[in-house]
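What follows is a set of structures to go through.
In the two complexes that follow, chain A is the common piece, with chain B as its partner first and chain C second.
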Partner chain A sequence: MTTPAQTPQSRGEIEAGLIAFLEGRTRVSWDEDVDLFATGGLSSMFAMELVVHLEQTYGVSIRGGDLKLDNFRTVRTMAGLVRRLKTDKDTDG
Partner chain B sequence: MSADRGGRGSALVKCLVWDLDNTLWKGTLLEGDELLLADEVRDVVVELDSRGVLQSVASKNDHDLAWARLEELGIAEYFVLPRIGWGPKSESVRVIADRLNFAQGAVAFIDDQPAERAEVRFSLPDVRCYMAEQAASLPELPEFSPSVVTVDAQRRRRMYQAGFAREEARTDFTGPDEAFLRSLELVMGIGRAGGEDLSRVEELTVRTSQMNATGVHYSDATLRSLLSDPGHEVLVVTLTDRFGPHGAVGVVLLEKHATVWHLKLLATSCRVVSFGAGTAILNWLVDQAARRGVHLVADFRPTERNRMMEIAYRFAGFTEDPCSCAEAVTGAPEDGVQRLHLVTERREPAATLRIEALELG
Partner chain C sequence: MPTEAAPPRSDEHRITVLGAGTMGAGITSLALGHGVPVTLVDVDQAALDRARARIDHQKRVAQLMGAVPEGAAPGELSTTTSLDSTADATVVVEAVTEQYDLKSVLLTEVGARTKPGTVLITNTSSIPVDDLAGYLARPGELVGTHFMNPPYLIRTVEVVQGPRTSQHVLDVLDDLLRTLRRESVVVSDAPGFVTSRLLHPMINDAARVVQEGTASAEDVDVLMVGCLGHRTGPLRTADMIGLDNLVDSLWVLHERTGDERCRPCDLLLKKVEAGDHGRKSGRGFFTYERTEQLS
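Up next is the complex of A and B:
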């Protein structure tokens, strides 16, 4: 919340959007801190779909070292990644 | 004798579309004739099938009656995507080519009726048309004679049929994707390339422009020369599911040093990206390296088309962090090629497929 004017979507909005996306794709319910890839969870292949979804929905580019699994482990970590990349982009811009 | 040929030289025919009445069989079904399938025509169908030439049907007939007759003759299984109905044959041939994702120049049509051949040629000038009398001599023509008949070519028709059944199952399936993948009962085989696998590696590397996942190119000759090099492993990856084989879907080139294995090439077929094949191969390799207590170094050139593989590498844990093990790796990477690194640890096998692999020493 440090630069609200430059981040059109709050962390809460991003998290809600991600949960809706996950529930639509998996037909089960998720919350912010569930480990998506723990036993019985999603495959690492689905993680690739998540990368593309985040990039297209939030207009960010996730490259290199940011593509580590830990960044995609929970809804909360993904929302944090999106916020950071949007902030970086807006600052660079 | 080849007045009816389309004049496309000897570019290979990938699918031959047969008319039925008085072409595949003698007689007219709906006139109540006794239908005879000549031995020489049956031999042509079997021979082309073994060469990897797909075959289909475009016939103006009652579908159920005609298909039942093909089954009675014991020949139905050889035909993919048959079009038996009352529409124009050019439309049937076009749909078959589209569904197979073949250019019309790779498709041929055989029919006893000059008017039908003319109709197809008029709408689809690239499709090569043959007269029924030419049927027995088709296997002698260069366009039906691939120079190399690979293991996968011999079972190409079965692979396509399995693909159609798979597509249908996927369309009908309403659960999550992961559950669908489990329902496929995928089995991945990983073994050293050699013997009859050589031809499959060749076919895969020839067609690899769109699926060279690591963006690093190795010529077929180079790969072959490394088959007998004890410092290198050339591995072929196959995939099978409950619908049938996908054939050879991947190639791995690995150079083994004392403390680090250098993954020089990982090519996977774009057909199996959605099954997580790249991730499964990497996961297996990381586990193998961990068993031997070595690190992994992988060459990777990011391109527009290999994003999925970049994500697979990164999610497998590869990073650009420096490590002293890199000193053992010989040869500088080419321009634009990243050399990624991973400290290996044991990995659980993937939940969505079973791996049957060799042990790397």
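Up next is the complex of A and C:
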């Protein structure tokens, strides 16, 4: 059974949403390829907030080997992860 | 009379953690992530329920940070308000509220239940280990192991060897810490040992600076991080410790050293009284999101 509630989002839309979330939380501007932790100076604890945000906003579940800091380093890597998990979920039925 | 059990094998540890607050939950997350089963005990069922949610979250944070061994099956968790599991534990970790009377009563009770040879760890921040050892029939079984918050991410622990702590206990502890992949530094017994004796009065001074209007909490931390290379500012650290626990610990230090720098300043006392206990309550010197409260 499929749930039509979530319209598929493009990578660009997910990236824009993530940038808006980051700017709301940090009050500075971000772009897609900045390393949030190395150059961006965000604490690695903030990464867990990103995990929870992605799960709640995009209805995905981030587990196992996907739960690693490298997946959350940039807006682009996060959007890529969300797209992949959503595709996996859709093909799983 | 029962004889002392042989030291447990590395994969045979069973830990009972007493106190399901900030540290009890964090130590439990550390052990479970390294495959060690834990029974978590608290007098307050609501604290146990909250701890379960925190532990689920912390296990994920640890994985996210690469702080658990890859491919290890997690240890099993049970929670209870009874002390029965202390009889089968290889190690009992006491992490209840920093109140001398409370700890002494609890250790008396636990010491009467554990088998000879069981390692008893106190995670006290400030109380000399030997003062607590006096409440045990076998005082040599108590050792201080000062995990820092968050224990599942911080790799170094301060081990406090009381004058009566036995070599057997140090050996078993060493083995457990190796299983948990923690490094340790062994220090002698004293109020606040090394880390609390240095850190807690410093944090108290930082709060006093804010109280006197010299700078905001934010600016104190920015200066300590930016100019002096602290990883976390003193006031964010205070929030992470829990301001209620910090005040309790400062009172212990004040009482036992007479150092006026350890008398908790009014701003700290006011925040505790208002229920602003730091990260765990959502507000202290700073405010915290739900995910941060769980971490």
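By definition in this document, the second predicted complex is superposed on the first by the 84 of 93 C-alpha atoms of A that agree within 3 Å, B and C clash if a C-alpha of one lies under 4 Å from a C-alpha of the other, contacts with A are read in each partner's own complex, and residues count from 1 in each chain.
Simple rule for what comes next: a contact is a pair of C-beta atoms (placed from the backbone, for glycine too) under 8 Å apart; a residue touches a chain by one contact, two chains touch by 3 or more.
Note that the coordinates shown come from a computational prediction; the quantities given were computed from them, not determined experimentally.
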Superposed partners chain B and chain C on chain A - clash or fit: clash
Contacts of A:68 with chain B and chain C, given as first, second, both or neither: both
Touched partner set for A:26, first chain B, second chain C, both or neither: first
Footprint overlap on chain A, comparing chain B with chain C: 44-45, 47-48, 51, 67-69, 72
Residue numbers on chain A that touch chain B, as the complex places them: 25-28, 42-48, 51, 64-65, 67-69, 72
Touching residues on chain C, where the partner in the complex is chain A: 57, 60-61, 63-66, 289, 291-292, 295
Residue ranges of chain B in contact with chain A within the complex: 175-178, 181, 274-276, 279, 308, 310-312, 314-317, 319-320, 350-352
Residues on chain A engaged by chain C in the complex (per definition of touch): 44-45, 47-49, 51-52, 67-69, 72
